[in-house]
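Every chain is named by a letter (A, B and C) in the order it is written, and numbering of its residues begins at 1.
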Amino acid sequence: MTALIEVDHLKTYFDTRSGTVRAVDDVSWTLEKGESLGLAGESGCGKTTTALSIIRLLPKNGRIVDGHIRYSGKDLATIKESELRRIRWKHIAIVFQGAMNALNPVKRVSWQIAEAIALHDNMSFDEAQGRVVELLELVGINPARKDEYPHEFSGGMRQRVMIAMALACRPKIIIADEPVTALDVMIQAQILELLTKLQKELDLSMILISHDLSVIAQTCNKVAIMYGGKIAEYGPAQEVFLDPQHPYTQGLLRSFPDIYGPRDLPPWIPGQPPNLLEPPDGCRFHERCPLAFAECLVREPPLYETRPGHLASCHLRAPSN
Amino acid sequence: MAYPSSSVVYWFRRRFGISEVRREKLVLTMTRFREISSAVVHHRMGGIGVAILAFFVTMALVAPLLPLPNWDASLFPSFQDPSWAHPFGTDQNGRDILARVVWGSRVSLMVGFLASVIAGVLGTLVGLVAGFWTGWRDEVLMRINDILLSLPWLALLIVLAQILGGQLSLSVIILTIGLTSWNFTARVVRAQVLSVKERVFVERARASGASGMTILRKHIFPNVFPLVFANTILTVAVAILSESTLAFLGKVQVGTLSWGVILHEAEASSAIINGHWAWIVMPGLSLVTVILGFSLLGYALDEILNPKLRER
Amino acid sequence: MSAIQRVILRRLRNAVITIFGIITLNFFLINVMGNPLDLINRAPNISPTIRTDTCIRLGLCGPDGQQLDLSQRFVSYLKDFFTGNMGTSFYWKGTPVIDVILPALGWTLLLIGTSTVITILIGMVVGALSAQMRGRPFDIAATSFGLFFYGMPFFWLALIMQLSFTRPQFGLNWWPVFPSSQEYDFSIAVFSWTKVSNLLSALYHLILPATTLALGTVAGVALVMRNSLIDVMTEDYVVTARAKGLPSRLILRRHVLPNGLPPMVTLIALDMAFIFGGAYQVEYVFSYRGIGWVTITAINAFDFPVLQFVVVLGGIAVVVANFVADLILLKIDPRIKVA
């Protein structure tokens, strides 16, 4: 069965004054219909860049150097901008982190949602108002407030507005980039529940990006753990979290305080993420890995399949071991 | 750190010396200052600005050492056009214009700097008071500010000039310009003080019992000072402009020499009708170039201190 | 009363206080300049009746011939101001002050109006293009020009323009030549332009001064517009707009410009005093008989009756301009609620 989206050996680099930053360096994953994939990892590991690369929303100095992004028979990495614009929002929509600034402060909320509908579904702004009301109700906002401005809403409500706006054109895929990071815990729970509910009701496929593993564990059925611009581990969420195969994932999970466990500071992973201007030779994680050995310093580990559908890029998981 | 053996100095330092903490802070400030300075100089436009200003200031300072004819003596035939002997020509009294431009820079620059110091100090004080002690003090100061900002400053200056006799001495000019240019600085400082006040750490300082003066000194001042400094660059340029405009309108004491005065004499001698272009162009070009230097400096500082304007 | 109305009322109150302050300041400054009575007293051979008459006419004495003190004069000054009875000019012998000032005001408004329209149009377009083509040759050239003209003294620019365009240069007979305003008859009522020849003549004489004023101000507008737009372009909602699939020109029109405009309006409002100052200088150099020229001439001639009212006018105009700008800002930026 062909996946909905297939990211194939994607490489996205940024040109800066100090050199070329290899933000995404050979990343591959797939998203099936109705599935939700979590992209997890530390800040700067390339998860947001991967997502932005899918719809080519990179800043001026970013470019897709290599790889393919297959969707609906097209390669999103190379199609013309005019064609891509038709796919944006209508097929793949994105909810940004910190929707505080992601909404235009001088336009009413109803106008902003209607703008997307008017653009893709060939309606006038007035005709779209009916759908705007539907969408607001769907995300739990009182439709009477539709003509207010973004600054009149609280942070959590603005995030809901962004979600409503993302659903406006009935997309097939939603990318949620740190959708709950800037919100407090109570609201986090609400928004996550909303996302899960919407995903089921509307048969959406979702890519959820977060550095918070608990968020991903709660909402996703597949997860890709990224480190230093590459994928460290990839597989069904349950399996990855219950039986992590990569030392990095193991370290991450170990650093979570156990609510039932002893009141000690949990072990954290020492060191810093690698400098993506000049990544280290061999395995990107070897400098911080407690299990590193000679080969790790020299050869980059490919993704080994430890169980069907569960891959880890660590030499420890090479078949001969 | 080892103190010199002299006991007097030792006692002096113990009594009035800088404590370790403060010394550290001073070092940090100096490092930051040095960082910013080097960034400015390396910035393409900032570097040019600094170079321009350095050139003019140096020229002004070493003027007595330069091989120029006396700027006040009518030694030469009048109304000469530019030539090798007189690169800028001569004026209505037969004085060499190049010499006058070089010497005139001393007054123009000095008045600019001094006046802007006055304006800066006054503006900062007003801004601090208005921003820190809001309430009626704020309202009153802001209304005065509005009034002065709205009056066409030129008319104000000329009227002041007339009050004081029609011919102003340099010190009076410096004072008047200083007293009328503080508005913008006050506004800017006030806004900054208000925003700093909002920040949590001031609340914390209050909660820990720090007095108003301490908060002022420790939290507000360090945040306001860099802003004032950047703003002063603008003020100096404006002050130089103001002086030259006043001089052009003839309100400066007879016998003073500044770029504006040269232009005044040019206009009064119908230089335009007679086509003596160098007389008009050269002093003005010096003015424009100096102001350009300040603008470039300000632009560079803006880009350096405001991350959004840098390349994304 | 809604919140917006309260804000407007507060701004209005501030404007009125400011204007009152300007009037008061102006009065006291002028009168410190010298007591006109001394001039009269010094002149010999004036009969007491004429002396008293002049004194009364100038508003320096009450109807009984007694000299009024400063506060009494202030009250009567205010009365005169608002009733339009401003006395007669010294310098323009016999002309009522109001007939000196009002036409001049008209000419100045014409000058500033034309120049500001040109400035805003060109400045905004250049600024917007610069922001879009950031770092490219157009931007570098425009920014360099902008910085060069930014702090230029208006009087010098006016001198250069006069030098360059009132006579053919370099021996070329196709060099554009425009008139200085010395030969123009300013006594033509400002808005008597039903006669087309009047209108054309007025515009022809307006070209040099207006261009000069525009040149001096366009740089600032373009630079601020550029920086403001660049600021906006890095905001998240512009990325959202791109994600929605909007083409760049729609993004510019609907998202970038509406957010980039408020700082522009603020800037132009703040610059009004500066523009007026520039207009004064331009008028002086070109002998263009607007308020600026009248003010400077009156100051040099110690013409108190005129001075009492003309300096204030500039200030009032600026306050009004600022108030209008505030109103515009309230309309276009929904974030402004509290003063």
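As a working rule, a residue touches a chain if its C-beta (ideal position, glycine included) is under 8 Å from a C-beta of that chain, and two chains touch if they have at least 3 such contacts.
Predicted model only: the values in this text are computed from it and were never measured.
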So the chain most remote from chain C by C-alpha centre is A
Interface with most residue-pair contacts lies between B-C
Separation of the C-alpha centres, chain A versus chain B, in whole Å, is 52
CA centroids of chain B and chain C: separation to the nearest Å works out as 25
Cα centre of chain A to Cα centre of chain C, whole Å, reads 55
In chain B, the residues touching two or more other chains are 311-312
Residue ranges of chain A touching at least 2 other chains are none
The chain A residues in contact with chain C across the complex are 55, 57, 84-90, 93-94, 96, 98, 101-107, 115-116, 119-120, 149, 151
Seen from chain C, its contact residues with chain B in the complex are 14, 17-18, 21-22, 25-26, 29-30, 32-34, 135, 147-148, 150-153, 155-156, 159-160, 162-163, 166-167, 227, 230-231, 234, 270, 272-273, 276-277, 280-281, 284-285, 292, 295-296, 299, 302, 307, 311, 314-315, 318-319, 322
Residue set of chain C touching chain A in the complex reads 235-237, 239-247, 254-255, 258-259, 332-335
Interface with chain C, chain B side, in the complex: residues 45, 143-144, 146-147, 149-156, 158-160, 162-163, 237-238, 241, 244-245, 248-249, 263, 266-267, 272, 275, 277, 280-281, 284, 287-288, 291-292, 294-296, 299, 302, 308-309, 311-312
